[in-house]
Every structure is written in structure tokens, then in C-alpha cells.
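The letters A, B, C and D name the chains in turn, as written, and every chain counts its residues from 1.
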Amino acid sequence: MSKHVLAQNQYGKAENRIVAVTRKGSDGAWHEIRDLNVSVALRGEYRDVHLTGDNGNCLPTDTTKNTVYAFAKEHGVASPEAFGILLAKHFVTSQAVIHEAQIRVEEYAWERISVPTRKEQHSFARKGQEVRTAQITYSANTGLQVLSGLKDLTVMNSTNSEFHGFIKDRYTTLKEAYDRILATKVAARWANSAPAAADEEHDWDRSYQKVRRHMLEAFAETYSHSLQQTLHAMADRVLDNVSTVNEVRLNLPNKHHFLVDLEPFGLKNDNEVYFAADRMYGLIEGTVHRDGVQPVIATSDWITA
Amino acid sequence: MSKHVLAQNQYGKAENRIVAVTRKGSDGAWHEIRDLNVSVALRGEYRDVHLTGDNGNCLPTDTTKNTVYAFAKEHGVASPEAFGILLAKHFVTSQAVIHEAQIRVEEYAWERISVPTRKEQHSFARKGQEVRTAQITYSANTGLQVLSGLKDLTVMNSTNSEFHGFIKDRYTTLKEAYDRILATKVAARWANSAPAAADEEHDWDRSYQKVRRHMLEAFAETYSHSLQQTLHAMADRVLDNVSTVNEVRLNLPNKHHFLVDLEPFGLKNDNEVYFAADRMYGLIEGTVHRDGVQPVIATSDWITA
Amino acid sequence: MSKHVLAQNQYGKAENRIVAVTRKGSDGAWHEIRDLNVSVALRGEYRDVHLTGDNGNCLPTDTTKNTVYAFAKEHGVASPEAFGILLAKHFVTSQAVIHEAQIRVEEYAWERISVPTRKEQHSFARKGQEVRTAQITYSANTGLQVLSGLKDLTVMNSTNSEFHGFIKDRYTTLKEAYDRILATKVAARWANSAPAAADEEHDWDRSYQKVRRHMLEAFAETYSHSLQQTLHAMADRVLDNVSTVNEVRLNLPNKHHFLVDLEPFGLKNDNEVYFAADRMYGLIEGTVHRDGVQPVIATSDWITA
Amino acid sequence: MSKHVLAQNQYGKAENRIVAVTRKGSDGAWHEIRDLNVSVALRGEYRDVHLTGDNGNCLPTDTTKNTVYAFAKEHGVASPEAFGILLAKHFVTSQAVIHEAQIRVEEYAWERISVPTRKEQHSFARKGQEVRTAQITYSANTGLQVLSGLKDLTVMNSTNSEFHGFIKDRYTTLKEAYDRILATKVAARWANSAPAAADEEHDWDRSYQKVRRHMLEAFAETYSHSLQQTLHAMADRVLDNVSTVNEVRLNLPNKHHFLVDLEPFGLKNDNEVYFAADRMYGLIEGTVHRDGVQPVIATSDWITA
């Protein structure tokens, strides 16, 4: 028997890819689809599974997968968040040994390929822009926690960005910049308020679109002196405009676009031709939350305090 | 000295990432961008470079990179094809030892983030859908060859696809399908006619949009009995509608969506819930060309005749 | 001015790729290399950078990059951990506004291509197996925290794995398994004790090899009734054998290998032919630590308590 | 009916992932594994499938998948090449409408995790270095063509590489180099002679190891004035030493390692500290073959002459 201590542990089936088709209209010829990647993690009384290989408390990961697909039929997929809430509550209430369940969802967006000549509409092209994300955690003790988010949304301002006035130490060679490209690939998560999470009528798709729009507008409208300033403006704008969001965390890699030196060729590069670099990149991360609210979104740290 | 024969060889700088900004309007406040990945390959008299390490005939790959960036300033980027034509001709005419040059371009599309409250427009979000491609080859002997294309355009029909009546041999277990999802990630290349390639006024952006639209419409409108049939319909539609295209080659992975068996849970899956598989996948490839035209687009074969 | 609260934030240059060459021997003809990917994150007094764009407290990310390369020359790269400790301490002690620094390192291993006919040895092939990782965090308040780890180490037992006796609910269809393949891609992190972290003579390469070996041996020698049991055995073995390690966290995706049904072809599949699936996969995660020690390694959770 | 011409087309199931376990010894306790990714492409009389959706000539891609798994049981996997030859011949001889079959195989290598304390040996770690490749094409008309290869083998010389004496044109800024790192990720294909391909006793594993070793040794031992020179030396060495190989094609990206300028920090960088760049990269490709032999390996061109 181990003399060591088993601490946080979880298990489940990850990356269940599911496409759900809904038929609308009197003849069902109008199709709508949701395209999801659903992961399940269960936490509870799993000491024996780890120590003796006794699986008496273990609901197989295969069963969690089956449940995801069955729930899509039984309950439909109203939104990533709504679907995740149903699943998380199900696992915790179905087995006493499961104390907490966490559901993570990615959603891939599709747009309709319109065919004007026919009534039936069942053709789609994947949008390919950002991936929508959600994480739902439920336990009897701590209740329901709903985080929403997006990732891989790449944006650029081709001017109205400066960077100067910074510390210069022995290792500083960077020139001050008064007109540069600012580009980043937005990864955002936001914590929804407890009343929103508890509201079965909450329109998750609409609040997603609102948050997304306000972040993009803040990115575009901010005259930037640093990517940190832009990050804060984006989070602020969301908190100012979407009352059901309590906290925003942004992870903004600074995708460098370096002005190419064309002088050796007798050419002046008047902020026209840039080299788009892959690595290294600046990485700016931060959380902004409403006053009086406890932040809950994990940082990207490996270490807990 | 080697007693073996040096055959086809080529070299150059690959994946030069370039963002070009153009300012429009009397005050230059309206920005437009093109975001390209440009690769250069040169062919010619490189026997000594390989056999003795004498680099007297070798234009450095670094120089080919510099040329890409300098040309973006000197000539602008009207389109991937137009930019590639300029570069290919330059290399062949600039050094006698370069007999042929091939330029490959990927273009990433961006859409404007509109800011109604200001006149300046310089904010963009990457579209993230298909990647546009072009390959331009030029030599004094064989002239100019311009291929255009796209890749990573994922599309789906959620009905109007069947597959049956096929061969059954000892290893066949597949059930006949009378209503299935048909999904694929389109990779397409098309060969432009010599007059189009030679026409300095040819509108490459417009012909790209036309080809793309006709392929999507053919995919959406074809009632499919096999992905091969859909492939042929897509190519046909392009040849019927875009007179400057002589040949189309399509590479269509059949992205399988398997209907999930929900009967063990007492549920009927009426074409509603699918598992989207990654691998293995069907792979359907084919070339369709105008009668009387010699096909020029390489197959995905490793082996030449 | 924002009425919201700026919480945890950090910034720096990520993924600085560095290859360091050391020449040994009287004539320097024996080369050794270390191939690293180094990321820097700084935490401190950055409120003004976020709120007003005043960069007076901001050491540029470009400077943190320069520092990484300069330190490789000034101090050498003894190991990922030793190099990270030097960098973390440097940033915190160099600027009063930097309260905490976190350095993350990936190391890619190379093996020598031996050339028996010559004395000089400077040829290498990348091993391509696991990536070694390290994370070093330093602040004046909390001192030094050194985590080590590895990822992408794929292992398989082709027998001696069972899985049965599990919960059966309405959604369970999994058959009990008495002989299956057990395969996983190991991601491991371990926390080093404070004395080891503080010991400038600590041999980080040696302790890495010890941990790696004990994990592999435990994987190979454990007759497994669940991947959880194997996980616990691997962590136990490390804690039993490497006294400077206080805590181990393992992230073990269950890479499913499904026995292919060959009966339709009149063949018996006696655990010989398997389909190796990509997705979905089981995901088993857990922390094991010494009694009396506080666990510090972050879980993969998005949410902090 | 289409008025256009259907040219080269092919179809099949791609990326069938298969792990085959063989038990050796009187008690079967010594396990050996082969881990393959097998793709099938069929060519033949498929005009009706494309034009009318009549699948009467179409062997389903699903059947080709089943055949791959069944053959692993019926015939075993002696080597990627031997397995591919069996499959290619089977498809062409099993159905008159299949005129040619092409099988592509990737193989992933594993090494044994030795457990000295037990007789049973069934534990493995994936090596993670190069991927072995093979392509087998068979038709009644053209007979058997067997290409072998490898990819993703990253190698480096930390000295003994120069580059100078090159052409300087208006766009050249590159400095001549007299001591640089030479690093590349080798992708190689080689054509086996017809007698070797026809010899059922040919030891494909042994010839693979021989080719691999000679390429690595040539890379390590060549004092290089250009990557082209190294490429040619690698191919020459294989042709000189492996009599069953007629032709070698190499695709060698020049993975740039830039010497970091440390002078601004008062440090001299004596070829010690390098920045390893991702993109752009030089790309050097070439074919070398025996005199009197017709080259058959496809170039990376999109265009056939």
C-alpha cells in the first residue's frame, strides 16, 4: 500500500466530436447544425481505483461518451453552455461517488451555403474563424460555475499603435515605436454570474455574440500605447456592456510584424511591407473583474499558490 | 567525382511571410492589406554547386527572400498570381544560370472590423476559412504557367447523399446508405489558360471568387450518389462557367460522420446525432479538363510515369 | 478610468528558441549542444501600463528575449532548471517593479552521430522522443519554486492490462476486458524539494534521468486493472526512489487500441490486430505527493477555487 | 452529360492506423509490434461513378480498409514494403475494373522498455525519431514499383559548414559565412531496383537501416560548402553502398540557426549562442540516380511537364 497521498484527480472521456442536426419547418427541409467537441472530467471517490485497481466506483469513460451522444438526442443542443450544464448535473446526480463534474466544450461555427433555387437548405461551409469555448463545473457543494470563451480569433490594427517610454536596462536594444502594426490571436474566457448560470432561459448564443462584438470593437477603437492597454480596454468594454459577465481573462500573444529594411535596395519602407514572425512572440495575459467579485478563472500558471 | 547522375533539382527560400499595407483615400486613412506566404524555387545550372561546392552560380536563398519583400514595395501586391508572375519572370531574366523559376503563394483572407464612428479604417479580423493558393512557373522555353487554387475549405451537406449499388467482395461489410451526411475539406487547383496568364489586365481576384462560388454551389446543389459524382459536378461547373480555366483538379477527403447507435439507450437516432471521425477517411481525387487541352496539374503521386 | 479591478496579470517574451554550443577538449573539437525553448513571464507593478498606457514600469519583452540569449553566453546552460533559476532571480533583482518572474523551458534532446574516423565530434540527430520541461518561479516573498517534467513520451503495454468490475448504468455498453493494450502519452510534472532547488550543486540532469527511468519501469512492471492504478504506481515509484521529489502529477490520455473484428472475414483475431484511434480518448489525471507536503502543481482546471 | 474530360483519378481509404502484435517464444511471452499508417488508392474504370453516380464498379473505401486489417492477420506485417506489395497485388487481381493500386505506408518505430526481472517482454516506448515511409504501386501493365523513404529526421552539424563565393545582385545582403551551423530535417525517398522489388526474400528492414546509416554518415562526414553539396554527398553515398537502390531524392529544408549579436551587451559570441528560426527557411531538393536508369520519383512540383 502506498505511503503517499493521492490529491486532486479526475478522469473522463475527452474530445467527443459530435454533429447534431435539427430539422425545422413543417417538412423538416430547413436544417440547422451544431458541431461540438465535448470533454468530460469526473471527480470523486476514486481512491480504490488508484490504489488497488478495484473499479467498483468507476463509471467507465466509455459510458461518459455514450451519455454525451444520448443527451444530444434526448435534450438537443441549445448551446454549448446549456448542453454542458445538463451533462454536469447528470453525472453528479446519477452516482453518489461522483462529487463534481466538469464539462468542456469547443464549438466550430458553420455558415449556410445559400441555394436560392430550392426550399431545402442543408448545405454549410465551416466558418473557420474563432473556436467558441465553454467550461461548466457542477458539484452539490459549490454549485454551478459557467465559463464561456473563444480562442484563435486573429485580429490586426495596421496603425494607431505605439510603444515607447519603457525601461531601458543593460540588455535593452529595442527602438521606440510611434507607428506599428498591432496583431494578436485572442484567447478569452469570461465568468458568467450565478443568476445567469442558474437562469434556464438565459440566451447563451446572444451573450456570446455581444461579448465577441464588444471585444472586437474595443480592439479596433483603442489607440494603443501597449498591448496591455488594449487588453484592459477589451475587458473593460465587456464588463461595461454585458451585465451577466463578472470577470474576463485575456491571453494575447503579440504577433510581431517587423518592418522590413529596404534601404539596402534604395527603397523607403513607409510602413508598407512587413515580415510576419511566428516565434518568439510577446505574451500578455490578464484578468479584469467587477469590483466586489472574487475572480475564479484559472491563470495559465502551472503552480497554485 | 560522383559517377552518378544529378537529375531534377531546385532550391530557394520557402515560406516568406509578408503583410503588405496599402493606404487609400486623399489622407491615406483607408487601409487595405494582403497577407501572403511566398515560396521561391529556382532551377538551372547548379551542377557545380552540388558536386564541388563551387557557389559561383548560386544566387543565395537569402537574396530570393529580399527580392520578395523589395518587389512588394516596388510593384505592390495586386494579387497572388500577379505578384508571382513578376517574381518568376524577374529571376529567370536576371541571371543566365536560372532557367526556370517557380513561385508558390498562399494567401490568408481578412475581413474589416467596421468602426462606424471614425473615417479611418485600419482594423481587421482574419477570416480563417479557406487558404487561397497560386503557383506560377516561368521559363524562356516553356513560357508561363499559372495555377490557382484553394485549400482547407470544409463543407457539409446534411442530407441528399446516398451510397449504394457498390461491389461486394469477401471483405465488404459496409451497409448501403440512402441518407447520409456528406462532408469534405476541399483542396482545389485549376489551370488558367495561356491567354489569361499572359493578360496583364486579367482580374485574378474576380476569377478566384467566381471559381470558388461555382464550386460551392455545385457542392450544395448536387444530389450525390458518391463523392466522386460530386467532385465531377464541381469541376464541370467551373469549366462551364469560367472560360479562362482549362483544367480543375480536386482532392476531396471524405470526412466521415457516423450515425451513432442510440438503440441500447432506448432512443431512435433519426439522422440527428453523428460522430465526426478524424481518421481513417476516404480520399477521392480527380482531374477534369476541357476537351483538346493537355492536363498539366500534378497528381498527388510520388511517382512519375 | 476603469471602475473594474485588474487582477492577476503577467507578460514577457514566449518561445525564445536557443541552441547553445559548448566546445570541450584542449582543441575544442568535441562539441556539446543544448536546444531550448525559453519563455519569460513577469509579474509586478503594471497597473499604469494597463490603465493609461504609461510604460514607465515596463521592461520590454524584447529585452527579456535579449537577456535569455546573453545569459546563455555569460553563464552557460548547465540544465533547463539551472538556467531558469538564473533568469528568474535576475529579473526580480534587476527591477524593483518586478515582483515575481516565471521561466518555462522546453528542451529537445539530441544524440551524437558518431564518426569513428575523426577526432572532432560535432554531428547530431534529434532524438525526437519526449520533450523535457521545467518551470521556475521566483519572488522575494515566496522564494524559489522548481518544477520539472516531460511530455509526449508515448508508451505501450501489449498485454497485462484488464478493465472490469466497473459501474454499469443506463448508458453503459462497454464490454469487460481481460486482456487489452494499454497505451498512453505521458505528460508528467514533479515538484522538487526546497533544499534541492536551493542547492547550486544539484544535478538536474541526473535527477531527470532517474525520474524518467522509474516512471517507465513502473509503467512496464505494473499489471494494470485501470490506467488510474498505473498512474498511481508511476508516481509512487518516483516518490519512493527520488528523495528530492515531493509531488508528482501525471496526465495520461488513454490512447485506445481497439481489437478489430475479423469474424466477418472468417478470421479469429487473437489479440493481434488493433485499430489505433485518435479521438475520443480517455483522460486520466492525478497528483500524488509525500505525506505532510502541500501540493503545488496546478491541475488542468480552468477555474481556481 | 459532361462535355469535359475525366483524366487521372483515384480513390481509397487513407490513414488506416494499425498496430500488429506478434508473439514469439514457446509461450508467446516475447511480443513484437509494428505500428503502421496505411493508405490505399485505386485507379481504373471509374468513369460511371463520376458521371452518373452508378457505383457498380466501385469497391467501397470501407472495404479497402477492412482488407488492410484482414491482411495483417492473414499474412502478417513483415515490413512496410512487403505488406504494401501484398495489398497492391491483391486489389489489382481481385477486381477487373481496378487497373492499378497504390499503397502508402508510414511506420512509427518503438523501442523495448526492458524489464530484466521478468521473462515476458511486452512494454514499449515510441522512438519518436524519423517516420519510415514506403509507396508500392502495382499494375498489370507497368508491374511493381517500390519506393522506400523516411521523413522528419532532424540533424545538425555545429561546425564544418561554410557558404560563400555566391552571386551578388542588387538584392543581396547576405554576408559570406566561413563557420556556421548546418541543420536540416531530412525527407528522403529512394527507388528500389526491379529485382529487389520482385525478390520475395528481400530484407526490407535491413536495406532501410543501411540507407539510413549511410545518409547520416555522409551528412556527418561531409565538410560542406553548401547544403546542395551535402545533399549530393548523401545520395551518392547511398548509391555507392546499397546496390538495390537506383535513385535517391532528398528534400532538405535549411533550418537556419542565426548567430545572435551579443555585442550590444559587451559580449563576444564565438559561435556559441544561436537563434533557431522556424520560417522562412531555405529549401534544397534534388534527385541523384545511377547512370542508365530512368528516374521515377516525383518531384514536389504541382505541374507535370
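Basically, contacts are C-beta pairs under 8 Å (C-beta built on N, C-alpha and C of every residue); 3 or more make two chains touch, one makes a residue touch a chain.
This is a predicted model, so every value here is computed, not measured.
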(request) Please find the path from subunit A to subunit D through touching chains that uses the fewest steps, and give that number. (result) 1
(message) For the interfaces A-B and A-C, which has the higher count of C-beta pairs in contact?
(response) A-C
(message) I'd like to verify one number: the distance from the centre of subunit A to the centre of subunit C, where each centre is the average of its C-alpha atoms, in whole angstrom.
(response) 24
(message) Nearest whole angstrom, what separates the Cα centre of subunit A from the Cα centre of subunit B?
(response) 30
(message) I need the residues of subunit C touching at least two other chains; which ones are they?
(response) 16-17, 66, 70, 171, 173, 264-265, 278-279
(message) Taking the touch rule as given, give the residues of subunit A at its contact with subunit D in the complex, in rising order.
(response) 170-171, 173, 264-265, 278-279
(message) Residue numbers of subunit B touching subunit A in their complex, please.
(response) 16-22, 31, 33, 35, 66, 69-70, 72-74, 110, 113, 115, 117-118, 120, 122-130, 152-160, 181, 216-217, 219-221, 257, 260, 262, 264-265, 267, 269, 271-278
(message) Considering only the defined contacts, which subunit C positions touch subunit A in the complex?
(response) 2-17, 39, 41, 46, 49-63, 65-67, 70, 94-95, 102, 104, 135, 137, 145, 147, 163-167, 169, 171-174, 189, 224-226, 228-229, 231-232, 235-236, 239, 247, 253-254, 279-291, 295-299, 301-304
